[in-house]
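Next come two complexes built around subunit A: one with subunit B, the other with subunit C.
Entry: the complex of A and B
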């Protein structure tokens, strides 16, 4: 076995160790890499920024599960901070059963931090099963789908929802999802009802949504932790997204180095093998 | 009759949902509104079905003393514990309740950790399997490296053209491929829906025909 073949057989635990080290180190010694803002993120920021204060609410669908929390929670915190700092009312809901606790967690954290009042500045509608049926139902009448909020208060008794009936009264809807919910909101809220939809999704899912951006079916898009970091930059509140960018940069570089080394070893081993076969012949 | 009735029901409901989109009459819209409420009610039963199915599967494993029945015990005990905390604790949805504590301190970190492990496996797989063996695999490899660099701030610092190249990859070849796939899927969905509405495709009724 030559040196290239030995390198290709390296124990994968060394690779795991290297990844672990490059993820952890930037958290203790931040590099502070600058994050430039891309067009889809700027467009979403502008769309939210244009909502008039203390009027019709932003509908925020926190449709993620704990698995995608590290990528998507920074987005929900940044969006809520932006909305509350502009005095924009926010109605939160979730279409994922595990999203209930996560929506509450993000909503309560930012509401407490910014002194928002439940029912006047924000409310939580809770979870309803039946993805497409719920989205279509909200277009007819929100009260058919959610007669009460998550805590049993009738929607008629929530001041910020006075006069809010369906998508006609929602200036912008943003979904944060690690599954096909973002696509469903476009298909069932934008297409039949003309609702403006923005999305925040995991980095691997972002490529799936580019066709909707190009056609204007999505007003803006946050892709992965980078999207969250860009949004945090726009609202001048660096948080988990910006912190995670250093680690993500380091890991991406390491993976590229591993790919290059793997290829060098592969072609080196192949050349050696051919030379040996030629010598033997 | 056992076959004709569901087929007729499917035909009428399917046709109505397709046609109502073009008829803004209040009667039709009222019926549409009612159907959506029925649909949500029906879909809520999927959770019950899922729970029953999960319990039956793991009960079967425990009863037949399968090798991995330990996991089945954990699953069923966790299920009973969470249902119990949800049903029998008066303020189960309040922050800091036992249900919330179990969710935030057990389920959230476990799921997030499982998903985070992907980074380790992706790195290992990239080292072992991402080879420039053919023109196609070389193109894929180069595109992947550019996008990986272009999606992190260090890519901007290495060269300003890297983010631009990333955008081009995402907005031109990626978009073209995705659109092709989406149009294909859309046409397939339409064809399958028509087959179901017209009773040509009957697998949904069970029985294997």
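Entry: the complex of A and C
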């Protein structure tokens, strides 16, 4: 067995180990690679920045589950920090049952960090099942879908929601989702009601949503951990997104090297085999 | 103290799941079953307190919707009761003799959703996208987009043999499709690596406090 054939039959667990090591090293020795801001991220930042302070709220839909937490939680933290630092009120809700605790976690963490008051600066509407029915219902009257917030308080008793009836009173809606919820907000909030929608999605989903950027159906888009890192850069608060990008870049380099080596080994092994067959003939 | 215990449990479960990369083992199986069991219980509680209680139980039995008082037999009361009963009918599937009754609810559910989705989906996914591609050929980007669109559509046109001009256009379409798949796969790799990074960050920072 020549070196090429041996490389082709390498136990894949060695590759897992290599990727694990390459992910861990940058946590201890950060590379500090620059993260440039792309247009969809800048557009979302600008759209949020234009919301007048202490007025109509940003509607933040934290529609993710633990499986997509590493990509989407840094986005929610960065968006909440940006909104609260501009004194923008935030109404949080979730359309994913597993998003309930995660929404609370992100919201409470940033609210505590920035001294925000529940009911005056932010509120949590909770979870409702039904996706499209819920999104369409919010366009008629928020109180029809959420008569109470997540803690049983009537929406009429929440000061920041005074006069907030439907999408006409929501300047911007941002959904953070690792499933089809992001597209659903475009279909059922933007399309029938003209609601401005921004999205933060997992990298896997980003390519599916790019067509909605070109048509203006999405005002901006954060794609994966990279999108979170870009947003953290814009608000000057580097966190898990920026920290993770060093590991991300290192793994990408490793994968490229492995692809090149794999191809060299494949073609090398094929050439050797052909030479041996020719010699035998 | 509570945080340390829960973080340690989380760390042990994370390591149990990743142990599958070496080979299947009882630790992985335990973590897998735990996720399924806890998810079922968690979802039940979340669905009850966030939906069934405020939208069905409160209006039908406690005669209130939020802070609004509802009269027994009013339109609001029926609007909460009927969907609730239709939902219960779905469970007739567990009794083979009357299982067909559940199809009524299912029919209303499917019909309702199809009706709700028809117009927005057509508008958002088809008409707006066609409009966005009706571009003047005044820039290289636009030319690139139009050529890619026509080539890709041609590739999926199966009514004629892909020969001559049609064959050439279909080959152009394949190139664009491959680029699309490549971008999609690149993003997928990025996504999967992000999950690993998140877990490594949790282990090193939240559990071991090494960074």
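Simple rule for what comes next: the second predicted complex is superposed on the first by the 281 of 281 C-alpha atoms of A that agree within 3 Å, B and C clash if a C-alpha of one lies under 4 Å from a C-alpha of the other, contacts with A are read in each partner's own complex, and residues count from 1 in each chain.
Quick note on the criterion: a residue touches a chain if its C-beta (ideal position, glycine included) is under 8 Å from a C-beta of that chain, and two chains touch if they have at least 3 such contacts.
Since the structure is predicted, the reported quantities are computational estimates derived from the model, not experimental observations.
By the touch criterion defined above, A:192 reaches both subunit B and subunit C.
Look at A:147: by the touch rule set out above, it reaches subunit C but stays clear of subunit B. Residue contacts after overlaying the shared chain place A:117 against neither subunit B nor subunit C.
In the superposed model, A:258 makes contact with subunit B only, not with subunit C. In the superposition on chain A, A:104 makes contact with subunit B only, not with subunit C. In the superposition on chain A, contact of A:3 is made with neither subunit B nor subunit C. After overlaying the two complexes on the shared chain, residue contacts for A:203 are found with subunit B and with subunit C alike. Touch criterion met: A:36 reaches subunit B, while subunit C stays clear of it. Looking at the shared chain after the overlay, A:137 reaches subunit B, while subunit C stays out of its contact range.
Note: residues 16, 19-20, 23, 67-70, 97-98, 100, 128-129, 133, 136, 150, 192, 203, 206-207, 211, 214, 223-224, 226, 248, 251-252, 255 of subunit A belong to the subunit B contact set and to the subunit C contact set alike, using the contact criterion stated above. Against subunit A, the residues of subunit C that register as touching in their complex are 21-22, 39, 42-43, 46-47, 50-51, 54, 65-68, 112-113, 116-117, 119-121, 123-125, 128-129, 131-132, 180, 183-184, 187-191, 193-201, 204, 210-211. Every residue of subunit B that touches subunit A in the complex is listed here, in rising order: 21, 29, 32-33, 36-37, 39-40, 42-44, 46-47, 93, 95, 100, 103-104, 107-112, 114-116, 119-120, 122-124, 126-128, 130-132, 141, 144-145, 148-149, 151-157, 163, 167, 170-171, 174-175, 178-179, 182. The residues of subunit A lying in touch with subunit B in their complex are 8, 10, 12, 15-16, 18-20, 23, 33-36, 38, 65-70, 97-98, 100-102, 104-105, 108, 128-130, 133-134, 136-137, 140-141, 144-145, 150-151, 192, 203, 206-208, 210-211, 214, 223-224, 226, 229, 245, 248-256, 258-259, 261-263, 266. The residues of subunit A lying in touch with subunit C in their complex are 13, 16, 19-20, 23-24, 27-28, 67-71, 97-98, 100, 126-129, 132-133, 136, 143, 147-148, 150, 154-157, 186-188, 190-192, 202-204, 206-207, 211-212, 214-215, 217, 223-226, 240, 243-244, 247-248, 251-252, 255.
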